[in-house]
Structures are given as structure tokens and as C-alpha cells.
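In what comes next, chain A is part of two complexes: it sits with chain B in the first one and with chain C in the second one.
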Partner chain A sequence: MNGTLIWLTIRQVRWIRFAYLVLLFVTGYFEFTNRGSLSVHSEAGMMVWILGAGTIGKDVTNGVLQSIFSRPVKRFEYVLSKWFAVGSMGVLVAWLYLGMGWTILFFQDRPADLTDLLTGLIIAVLASFGTSASLILFSSLVPGFGDIGLMFLIGIVPTVAVQFWHGGSQYWGYIGSEVVQNFLFPAGGWAEDGFDSVSLFAWVSYFFVITLCLTLAVWAMNRKEITYANS
Partner chain B sequence: MSGIQVENLVKTYSRGKVRALDGVSLAIPSGGVFGVIGPNGAGKTTLMGCLMGFLNPDSGSIHVDGMDVEDIRVRLFTGFVPERLTFEKWMSGRSFTAYQHALAKLPAPQREQAVAAALTEVGLEETAWDRPIAKYSRGMLQRLALAQAILGSPRYLFLDEPTSGMDPLGVMAVRNLLAKLKKQGCTIILNSHQLEQVDRLCDQVVFVRQGRVEAMETQRAGEEVERSLAVSWRKLEKGLSEAQLKTIIEPSGAQLKDFKEGQAEFLIKDDQGSEKLLACLIQAHIPVIEAHSVEKRLERLFMKENDMEAKS
Partner chain C sequence: MPILKSNPYSAKVMPPWMVGITLLLFAALVGAGFYQRQHPVVLKDLIQWVPAEQAQKAAAALKKPILYDFSADWCPPSKQMRRDVFKNREASDWINQNFIPVKVLDRPGLGENDPAITELQKKFEIEAFPTLIVWVADDKSQREVGYSDKTQIMRFLQGELAFLATAASSTPTVVSTPVK
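Let's turn to the complex of A and B:
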């Protein structure tokens, strides 16, 4: 990993994205108030989407890859740095979000268990780095913010399709939908039940998805030809 | 082995339908300025892209100082100025140069000094160093591009149209900088449409057309070479024959290339040759109205290739 590229990726985040995060925090306030429990999995995924959308795609569109790869920077170093930067930002914001939830519950006289809080903190890490890997893969494939569009499309298609299927097809539709969700938001197995009921399969599948996404992203970057941006 | 060796480089686009480079072979010696010229769409930028390892050629090989161009170590001693200056616009000139210094894995303790030295070297005003790049003019961007390229005194400098959009003073400053870098032993590969600049700076010039190297000229940078001078004069009452004109210009060493009443074109060897020719004409009381250089050497290269194309 390259510290300069990690720093660059963090600095690339524009203020407008923080406005979207504020919206997420406002929704979270009501969520914590009503639900009364700490949960962060899907929110961490959303935060990664907001902070990391187009992280590679925008570099391609803006034509800045030339100035990076004219330097002694390996492409896998670039991909891993992007993944780590986006994942880390996701973790930080998700922890802030959890902190807000814990504070709300504390002042409502129903403080969360320390175990719940710790579980939440760990899930935030797993979900952020998992979603970041998936996002980096799509960002390496399509320019601009196409990654978000592509992920949204892939996520929504099976969910919509199962509504029109019946019998056996519907069953396989649900399975397919779950697989897709686990691919887009790895760490799905921990979302509802914490760590007690998580199987070895869930761990293996989590690390498999991350490895697969990053390997494919590096492969896509290695094949990418750096031409001049459309100016 | 020092220098750059390009062997039988082929690069196609659109699944082989467009042949951007068609078996290009070059040997670029180290320590000089190597110019790449050619018409639009000739494949110059594709060649530059392959030399920088940005594009994957279909076949052929490129070696820089004996190392494959894909070898990451090559990037430790090369600098690059792209044609389109697409940098991180939110950064300031200073922070962008510092960022490039860090990416180049140059020593951090000397970063501040090295950045200031590079920005000063290219003549970017100090008041602009902390301004966002988005507010830079084209000329300022060109200077910034050069500043980041010369960080760490690279052994090879790849310049893709480094002075397009620059004011004349900027062009002169860049020319002086490149001459200085050349003296320091830097090998410069220059892709430019500005033939006068290429003519003045380059030791070797390659003419690329339709993805092929059509001609290569070796010269001493800025040396004077044979060219044409067109001269017009007010028609003489008694007239002037071709034979008379040849006798008049004989002492100057110029040769008569084309003759019409009131105008002629001469082949001269250098600037002194033009002076001598004009002196001979004036001494013979020929009322010269105008004299201008018809074409320069590299322009002739273009013209020659175009003529060949027309004939074929």
C-alpha cells in the first residue's frame, strides 16, 4: 500500500459527500430512537458508497492516472491503497454513527451492552472493508460514478425479479438475491445475529469475496490502457 | 545498455482495425534531444504512451537502459509531461508538486526544498504556488507539468507538446531549460508540432506517419542547413535574364532554383549565405523588395512526405 495514494484518496472526497452523510445521520437518529438497538451493517455499506463512489472511475474520467503511473507506482499498489482508504473512511464514519447511537440510547435510559457496542464496532470494520472491496471492483470496471449505478442495478434486479417468479424459480431467485447482496455488501451474515451464530462458511465467504473483488480489480487495472481524458 | 531501444512495435485499436503503430523500430541514444514529428493521427502520442508504459503494444518491445519499459524501476529515472494537463485541480501547484515528489519516492526531508527549486526552475511565479490548479492558465499548467517532470533530475524526460499554449517568453524559458537539462546529461524525447522548436533543440528527429517511421534525420541541434530563399524585386526596365542572375549571385555561393521575371528562388547553405546573396543582388543594383525563407528543413520533411503521398 502507498501512503501518498491513501492520503490522496481521502483528500479527494468533496464536501458534498459529507452533506449526504449528514442526511444518513439524521435518518439514523430516528432509527436509533425507535429501534433501541445498535446496528450498523447496512449503514456502513451506505457510508462506503457515499465516500468511495467513483474512487477509481473518477480518476479515469479526470485523466489523472497518467500522473500517477508515470511514477514508480504498481497498479496493485494503487488498487489496494484505494481500497484501504475508502474502507478506513467508512470505518471512521461508521464508528461515529455507532457513537451517536450509543449516546442516544444512553440518554434514553436504555444503554447498549458493551458486547453489543463491541460487536457493532467490529461489524463496522468488516462491512466497511467488505463493501469497499466490492465498490473498488466496480469502480475499476466503469468510468465516473458508473460503479454506483452498476452495483445498484445488480442489487435491484434479483430483488425485483423474484416478485414475478413463482414456485421453484422464486426459491432460487431468493437464493440468488442473497448471494448478490452478500457480494455487494460482504459481512451480511453478521448483520442481524452478531457473531454467536456465524458459521465458518460465512467467514470463508467474506474473505473469499474480498479477495476475489480485489484480484479482479487489480486484473482490470493491469489491463487498463491509460489514454488521455476527454477534455 | 543505455538509451531507448524500440523494436518492431505494433499497436492497434478497435480490435485491429486501426493500426496506430505499424512496426516502429527506433534507437534513441542517451544524452541528446530526440524529436518526434508527424501529422495529426500519425501515431506520435500512441508511441509516447507505449514509451511510458501507459499503453500495451500488440507486439514488439521497448527497453530503457536495458530494462523492459514495464519494469517499475524505469519510472524511478523518467519524467513525463502529458499533452493534456489533467491534474488534481483542487490541489495547489506547490502541493501537487510535493505529491508528485512523494509518488516518485524521492527523499521526504528534501521535499520542500526540491519542490521550491523545481517551481522556480520552470519560472512559475511564487504568488501562484499556493493557488488551486483550477485557477491556472494553460501556460502556468505547462510550467507546473514541467516542474513535476524534472523532480529528482530524471535521466529521461518524455515531453508531449510541452509548449503548446505558452506565450513566447514561456517558450524561450522552456527551450533554455531543456538545453540546460541536456547539458546535464538528460535524454529528452520531444513530441511537438512546433517544428522550429524541434529544429532548434533536437539532435535527432524522426518523422512518423501512419504509424510508421518514414524518415529520420540526425543533426547538431540548431545547426544551419541548406534551405530556400525567395527573393522578389521591382522589374528592371532593361530586363534581367536567368544567365545574368546566375553570374550576379555566383560569388555568394547560392544556387538559382527557380526563376521568373521579378522573382526567383535560391538554394542557400546558411544564414551567412543569405546575407551574401542579398549583398550580391544589391551591389548589382537589383531593387530587392522582399526576401523570405521558403521552408525549413523539417517543413521540407513534411512536404516531401506529402508529395510522395500525392504521387502515390
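Let's turn to the complex of A and C:
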């Protein structure tokens, strides 16, 4: 990983994205107030989407890649630095979000258990770095903000299929939907089950999805031909 | 493999350790899949579930309604409800105190259904998971279908208990202090 590239990725985040994050925090306020439990899995994923959308794709369309790769930087270093930067930003914002939830519950006289808080903090780390890996893969495949569109399309297909599938049971629809969810928001089974009920399969599949996404992203980046002629 | 034979000094190098770790994890994933098939994970919560065949006897002895939870390990809303409600200390203590809770899992461990489970699902005309049913007699059962959070579940269950307490004035049901 390359410190300069990590810092560059963080500095590339525009302020408008923080406005979207504020919206997420506002809906989170009502979530925490109504549900009374600390949960951050899907929110951490969305935060990573907001902060990291187009992280490689925009570098391609804006012509930033040419400047970066004119220096002695290996492409896999670039991919890993992007992944780490987006994941770290996601973790920080998700922890802030959890802190807000904990404060709300505390002032409502129903403070969250320390175990719930610790679980939330760890899930925020796992979900952020997991989602960051799949986002980086999609961003390396399509230019601009195409990654968000691609993830949305892939995510919505099984969800819609489950709604319209009335043959027998919805069993296979749910299974398909879960597989896709675990690919788009990798966080193992911790989000639903907590750490005491997590399977070995969930742990292995989490790390496999991350390494697979990053390896494919490096492969896609290595195949990109960059021309310096028109920039 | 051309992927591993690239020039290590090139900017386009694919680090062999990345490919190696991915392949290793793929092998581990297949192994974990086989292992999990033999040793399915027992999902824990805080409810003291009673086996379905003992539920009616226990309900008659303790004069409590039965709370059936028709759910599935493979169903995300069921899992979410377990996390939000059945793993919540306040809610589970209150449910344990006021109901005879019975969990009816659909296809546990992704296997086939026991005939007794299929029969119960048919009897209660279960169409979706999760479905919660408060049962006192065949003509007096109420249901909540789909995912509901802790507040909604508690509202539903408290409403049912209050209704049963007024309806069966000859055999009053003791309702403990509701959870916030």
C-alpha cells in the first residue's frame, strides 16, 4: 500500500458526499429511536458506497490515472491503496454513526449492552472493508459512477425475483438473494446472528470474497491500456 | 500460468501472493462447506423454546398461550427478527414469562422438513416466514406475518395478552409489566 495514494483518495472525496451522509444520519436517528438496538451492517455498506463511489472509475474518466501511473507506482499498489482508503473512511463514519446510536439509546434510558456496542464496532470494520473490496472491483470494471449502477442492478435482481416468484416456496429466491447480498455487502453472518452463532463457512467466505474482488480488480487494472496522447 | 509469469519489475505485475491466498481461501471455502454440512451451526437466542409436542400440555398446566415462531435459518427477515427480538434480553425475558414459546424451523440445516413440521405449517396455513402465532385454541389464534421489530412485536403480543385476559374473565391471565 502507498501512503500518498491513500491520502489522495481521501482528499478526492467531495463535500457533497458528506451531505448524503448527513441524510443517512438523519434516517439513522429515527431507526435507533424506533428499533432500540444498535445495528450498523447495511448502514456501513451504504456509507462506503457514498464515500467510495467511482473511486477508480472517476480517475479513469478524469484522466487522473495517466498522472498516477507516470510515476513508479505498481497497479496492484494503486488498487490496494484505494481499497484501504475507502474502507478506513467507511469505518470512521460507521463508528460515528454507532456513537450517535449509543448516545440516543443512552438518553432514552435504555443503554445498549457493552457487548452490543463492541459487536457493532467490529461489524463496522468488517462490513466497511468487505463492501470496499466489492466496490473497488466494480469501479475497476466501469468508468465514472458506473460501479454504483452495476451494484444496484446486481443487487436488485434477486430482490425483485423473490417478490414475483410464487412457484412452490421462496426458498431458492432467498438463498440467491443472500448470496448476492454477501457479495455486495460482505460481512459474513455476523450482522444477523452475532458472533456467538457464526459459522466457519461465513468467516472463510468473507475473506474469500475480499481477496477474490481485489485480485480481479488488479487483473482488470493490469489490462487497462492508458493513452497519454490526448491528455 | 501467464498471470504469474509477468515481469516483477513491471507496473502491471500481479503479485503471486494475492493469487495464492485467493486459491487457498477457495479451497478452504469448499472444505468449510462440507464441514458445515456435517456440523450445522446452532443459532442461539435467549428464548426458552419448548418442543412442539410438549407445548399444549405445558400451556394447559401453566395457563399460558402458545407463541409459535414459524421461521427459517435461510430466511434473512427471520434471522433479523431473531437478532432484534429473540436475542434482546428485555423482550425475551418477557416472552419467556408470558408465553409457551415454540420454534418451528423450516428445513433446518437446508435439509428436508420433518412430517410434523409440514403438518403444523399446513394447520396454520403458513405462507411466509417469519410468522408469529399466538394460540390458545384452534378458533382463537392471531398472527403477525413478516419481519417486525422489537417495538412492533411487543405491541402485538401485549395486545393479544390483554385481549385474552378480558375475553377469558373466568380464567384471568396474569400479565407482567410490559417492556418499553
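Couple of notes before you dig in:
The criterion applied here is as follows: the second predicted complex is superposed on the first by the 221 of 231 C-alpha atoms of A that agree within 3 Å, B and C clash if a C-alpha of one lies under 4 Å from a C-alpha of the other, contacts with A are read in each partner's own complex, and residues count from 1 in each chain.
FYI, contacts are C-beta pairs under 8 Å (C-beta built on N, C-alpha and C of every residue); 3 or more make two chains touch, one makes a residue touch a chain.
Owing to the predicted nature of the structure, the values given are computational and were not obtained by experimental measurement.
Touch criterion met: A:T227 reaches chain B, while chain C stays clear of it.
In the superposition on chain A, contact is made by A:Q66 with chain B only, not with chain C.
Legend: residue contacts after superposition of the two complexes on their common chain; A:R110 is shown touching chain C, with no touch to chain B.
Of the two partners, chain B and chain C, it is C that touches more residues of chain A.
Of the two partner chains, chain B is the only one that A:T4 touches; chain C does not reach it. Looking at the shared chain after the overlay, A:K74 reaches both chain B and chain C. Overlap of the chain B and chain C interfaces on chain A comprises residues 69, 72-74. Across the interface of their complex, chain A is touched by residues 3, 6, 11-15, 18-19, 21-22, 25-26, 28-29, 32-33, 35-36, 41-44, 72, 74-76, 79-80, 82-84, 87-89, 107, 128, 149-151, 180 of chain C.
On the side of chain B, the complex with chain A involves touching residues 45, 49, 52-56, 72-73, 75-76, 78-80, 82-84, 86-88, 90, 99-100, 102-105, 148. In the complex of the two chains, the chain A residues touching chain C come out as 34-37, 39, 69, 72-76, 110, 113, 170-171, 174-175, 177-178, 181, 189, 191-194, 196-201, 203-205, 207-208, 211-212, 214-215, 218-219, 222. The touching residues of chain A, counted against chain B in their complex, run 2-5, 8, 11-12, 62-64, 66-74, 223, 225-229, 231.
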